[in-house]
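Both of the next two complexes hold chain A, though its partner changes from chain B to chain C.
Then we have the complex of A and B:
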């Protein structure tokens, strides 16, 4: 079920009414309703893959129970290995099997040996990378004795499958979300209204900013050879806004929907395009994933402690794994590698935390913001391109400066209209974000009238006829 | 909870009211314009009597140039073809033509030739161009015959115009703004409703073989259009426009047919497989005028 669909517009009020009006006196029934609603939400796409969620839930629930029962380290390690094997095994099979097979064939092909291995026609279950990481964090935290395991299977199922963030995050930590399923729900009007505002704001980012940018981005990335250097450059820039509007829009809607049910999810995006360096960008972009990798990969590896070489190794491992998490393609790995290369100088010069706690932006920082944005945009080329060869061609053509026309953006009345809508929507988005930053807020806070205004913009500028899928569903 | 519901209710009602006003204003603006064919017919065509009208899809729009035909035959014609449409839309356009109080002696049907065979009817891509008349019974009935989300959106726009205006915002809302500034602007057609694909240099490439393609004329809308024509004393002629390398095998004798499917024997006349370029258009229009002449009773 998509957040920007009519089905969801019907589904959400029904679940809301049942939750707050019919089952409000029973915590257990409220949690059960969340589980059922979540399974309907997910099953709407493909009910067969509900079995995977159920499997993942069962494995981690029972592994955590057993972890609590045993004090023998060897047994605990064995149980953790079962969880890792099951979750990463599922992920590995559904997401990476074909990649490893084809890479293996390609590698042998390089030395002249032809392998006759078959890839499989595998459907990637939506959101598998998100919910496996979420359940893994639970088991790892129980293993580390940072968290008491829950003995309530419904609570745990609700935590794993919570529909607002099931398919594209934020990837919640058990220590934040699970306790919320244990507490009785008290309806907080202001909190729920803030959620409603976030839904509107998220829809604006998705339906207006992202989906309009997709009009040019798809053309440019599908026909790299046909466009000028400047058009390609703006294609990369627009993809930056598309993926931001798409993914952060989804996160905002997810957080907003969760608030309607009394749940506080973590902030996933904190105005990343106002970052003043790459390090700050990664503190503002996909926060739930970057902190996951920080806590479960980077710090266990030693983090920024140890020798310089160890630090470099750790940074590369985290960024490469993060890139690979996004998709089974070398383009994502290179994307991660580029970010590692951009981040390393800051780490080695010990200026990677230069802007921690400094949220308000001054005019003199604008060039730094622009430079960071351009660097991020160039890295996005690898993220968006289907193959490394296309990405290389794309970048080489930008720097050839052979043709600096922008015909694509104004050649027809349709492209003029899209250009106008894109400029307007990006300006409005950045304007609202800038105001939020200057007021030291963690999110854009609409007022009653600005909510109506943004709703009207969605109506008049949104893409409804041929909407794009949420990009992060493929991960 | 009450506070929440009041707040959300205020936003939702405020949005619905404003969007309703904007949508109404938008459709009103389009109704005053000549931007799309339906309003062009109402506001941009002062004549009420025509010798013939061309009703078709992009093939009719770009093949038959009424200016050329009229210069040859000294007639008064009007091209009401709309690209990306099918015979149901042509039926709707004929209903609209009659509803505006205009008359014609001949109705030249010029859909995509394959459309003569179509048995299942679906909403066409450009059917939204009647949205500003969604409150009229014949338009509402037209939309309501189709299934699916798009058809429902157009159908229910008669009482909730926000649906259609938001769904087709690029095609409806922005043209309505443009129409406020330029009420006489047409969306890619001239004062007689004609349009042509851009000029291209003639590249001589003779077509030596024509493959036969069967046209069964089983589309149920042919009957409907014929019945409506008969009711208003209009003679219906089915025109089969030139196709690159295809010759239509016409099995039906139920309708009056002008078959020009294999008229143009050179690729240089074509824009693509079923559309002619300006050179092909001139050729096709002159030959059509010659054949059409016999129906007009002109010597």
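Then we have the complex of A and C:
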């Protein structure tokens, strides 16, 4: 089920009414309703893959129970290994099997040996990377004795499958979300209103900013050879806005929907395109994933401690793994590698935390913001291109400066309209974000009037025909 | 809770009412199909592809046939070839009590052919799940179902497209369903459009196969259904020689196929292709406004003539 679909617009009020009016006096029934609603939400896409969520839930629930019962380190390690094997095994099979097989064949092909291995027709279950990481964090935290395991299976199931963030995050930590399933919920009007407005803001970013950008982005990335250097450059820039509008829009809707049910999810995006360096970008972009990798990969590896070489190694590992998490394609790995290369100089010069705590932006920082944005946009080319060869051609053509026309954006009345909508919507998005930053807020807070204004823009300029998937569903 | 519900309900109501009011702006300029799903159910229909949508003008047919109910319900070859979705939509659009209707079915090799590439790729037909399939309410104004489910653009276009009416190369669906296309007929632009059209249809030739048994069966089902409500006429409309050659490559014995169907179903088939040199075209495939008027008059005369038992086509 997509957030930007009619089905969801019907589904959400039904669950809301049942939750607050029918089951309001029973915490257990409220949690059970969340589990059932989440399974319907997910099963709407493909009910067969509900078995995977259930399997992941069962494994981590029982592993955590057993972890609490034993004090023997060897047993604990064995139990953790079971959880890692099951979750990463699922992820590996469904997401990476074909990639490993074809890479293996290609590698042998380079030395002249032809391998005859079969790839499989595997459907990638939506959101598998998100919920496996969420359940893993629970088991690891229990293993590290940072968290008490829950003995209530319904609570735990609700934590794993919570529909607002099930398929594209934020990847919640058990320490934040699970306790919320244990406490009785009291409806708070202000909190719910803020959620409602956040849903509107998220929808604006998705159906107005992202889906209109897609009109040009898809053309440009599907026909790299047909466009000028400048058109390709703007194609990369627009993809930056598309993926931001798409993914952060989803996160905003998820956080907003969760608030309607009395849950507070973590902030996932904090105005990343106002970052003044790459390090700050990664503190503002997909925060739930960055912090996951920080806590469960980077710090256990030694983080920024140890020798210079160890630091470099750790940075590369975490960025390459992060790239690989996004998809089974070398393009994502290169994307991660580029970010590692951009991040390293800051780490080595010990200026990677230069802007921590400094939120307000001054005019003199605008060139730095623009430079960071251009660097991030350059890396997005690898993220969006289907193959490395396409990405290379794309970049070479940008730097050939052979043709600097922008015909694509104004050739027809249709493209003129799209250009107008895109420019206007990006300006509005950045303007609201800029105001929020200057007021030291963590999210855009709409007033009633601005919410009506944004809703009108959604209605007039949104793309609704065949609601498009959110890009991050594929990860 | 009360405050929240009041806010959400008020907010949603204002938005929904605003949308509803805004949708009233949608008209014949919105797209080439919308208006046809806003008019009342009909008793006499013109059915077929864009050739018929643009080339058959109901007001002249009505005037010559002494009727006032002929309505153009033709779309385009991609969306409305003979098939299940189109028949379903026709059934919805036709006033069920109709007894003395008149139904003009424009036919050509493309409307009874299939796009084999799409069938292979998707396992379905090109028109599956399109607006004909999805629009259940065919006589609703404003047609919210169509605008939400099938309108392909963002809604600001509803407003924007209204301002284009009257300018060059625009269209407007008239109240009788006729797709009135305003287009420059200056020699160079017409020849450029014709050239492009021929290139496009030559490309389509490699991926189309005609006739398709599914389409023929659908055409027969459409004829049989409409025959219960009145008289049915099959019409092959004229196109330029270059396009005609392509059609012949696609299905050289098209006329034989149509005569056979006409005989089997007991209807009349008018092959108006031999008159193709008497008309002018906007792009080689569609009659211009003046020729469309003349064609409609000629068609009306043929229909009147066919009613005379001594004068059969």
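By our rule, the second predicted complex is superposed on the first by the 473 of 475 C-alpha atoms of A that agree within 3 Å, B and C clash if a C-alpha of one lies under 4 Å from a C-alpha of the other, contacts with A are read in each partner's own complex, and residues count from 1 in each chain.
By our rule, contacts are C-beta pairs under 8 Å (C-beta built on N, C-alpha and C of every residue); 3 or more make two chains touch, one makes a residue touch a chain.
Remember, it's a predicted structure, so these values are computed and weren't measured experimentally.
J.: After aligning the two structures on chain A, examine chain B and chain C and state clash or fit.
T.: They clash.
J.: With the two complexes superposed on chain A, say which partner A:399 touches: chain B (first), chain C (second), both, or neither.
T.: neither
J.: For A:427, using the defined touch cut-off, is the partner it touches chain B, chain C, both, or neither? Pick first, second, both or neither.
T.: In the superposition, A:427 touches no partner, neither chain B nor chain C.
J.: Touching A:451 in the superposition: chain B (first), chain C (second), both, neither?
T.: both
J.: Identify the partner contact of A:189: answer first if only chain B is touched, second if only chain C is, both if each is, neither if none is.
T.: Both partners.
J.: When the two structures are overlaid on chain A, which partner does A:459 contact: first (chain B), second (chain C), both, or neither?
T.: After superposing on A, A:459 lies in contact with both chain B and chain C.
J.: Where on chain A do the contacts with chain B and the contacts with chain C coincide?
T.: 6, 20, 187, 189, 192-193, 196, 417, 448, 451-452, 455-456, 459-462, 464-465
J.: Can you list the chain A residues touching chain B in their complex?
T.: Residue positions touching the partner: 6, 20, 187, 189-190, 192-193, 196, 414, 417-418, 448, 451-452, 455-456, 459-462, 464-465.
J.: Which residues of chain B touch chain A in their complex?
T.: Chain B residues touching chain A: 1-4, 7-8, 10-11, 14-15, 18-19, 22, 149, 162, 165-170, 173-174.
J.: List the residues on chain A that touch chain C in their complex, please.
T.: 6, 20, 187, 189, 192-193, 196, 212, 413, 417, 421, 448, 451-452, 455-456, 459-465
J.: Hey, which residues of chain C end up touching chain A in the complex?
T.: Of all residues in chain C, those touching chain A are 1, 3-4, 7-8, 11, 14-15, 18-19, 22, 148, 150-157, 159-160, 164.
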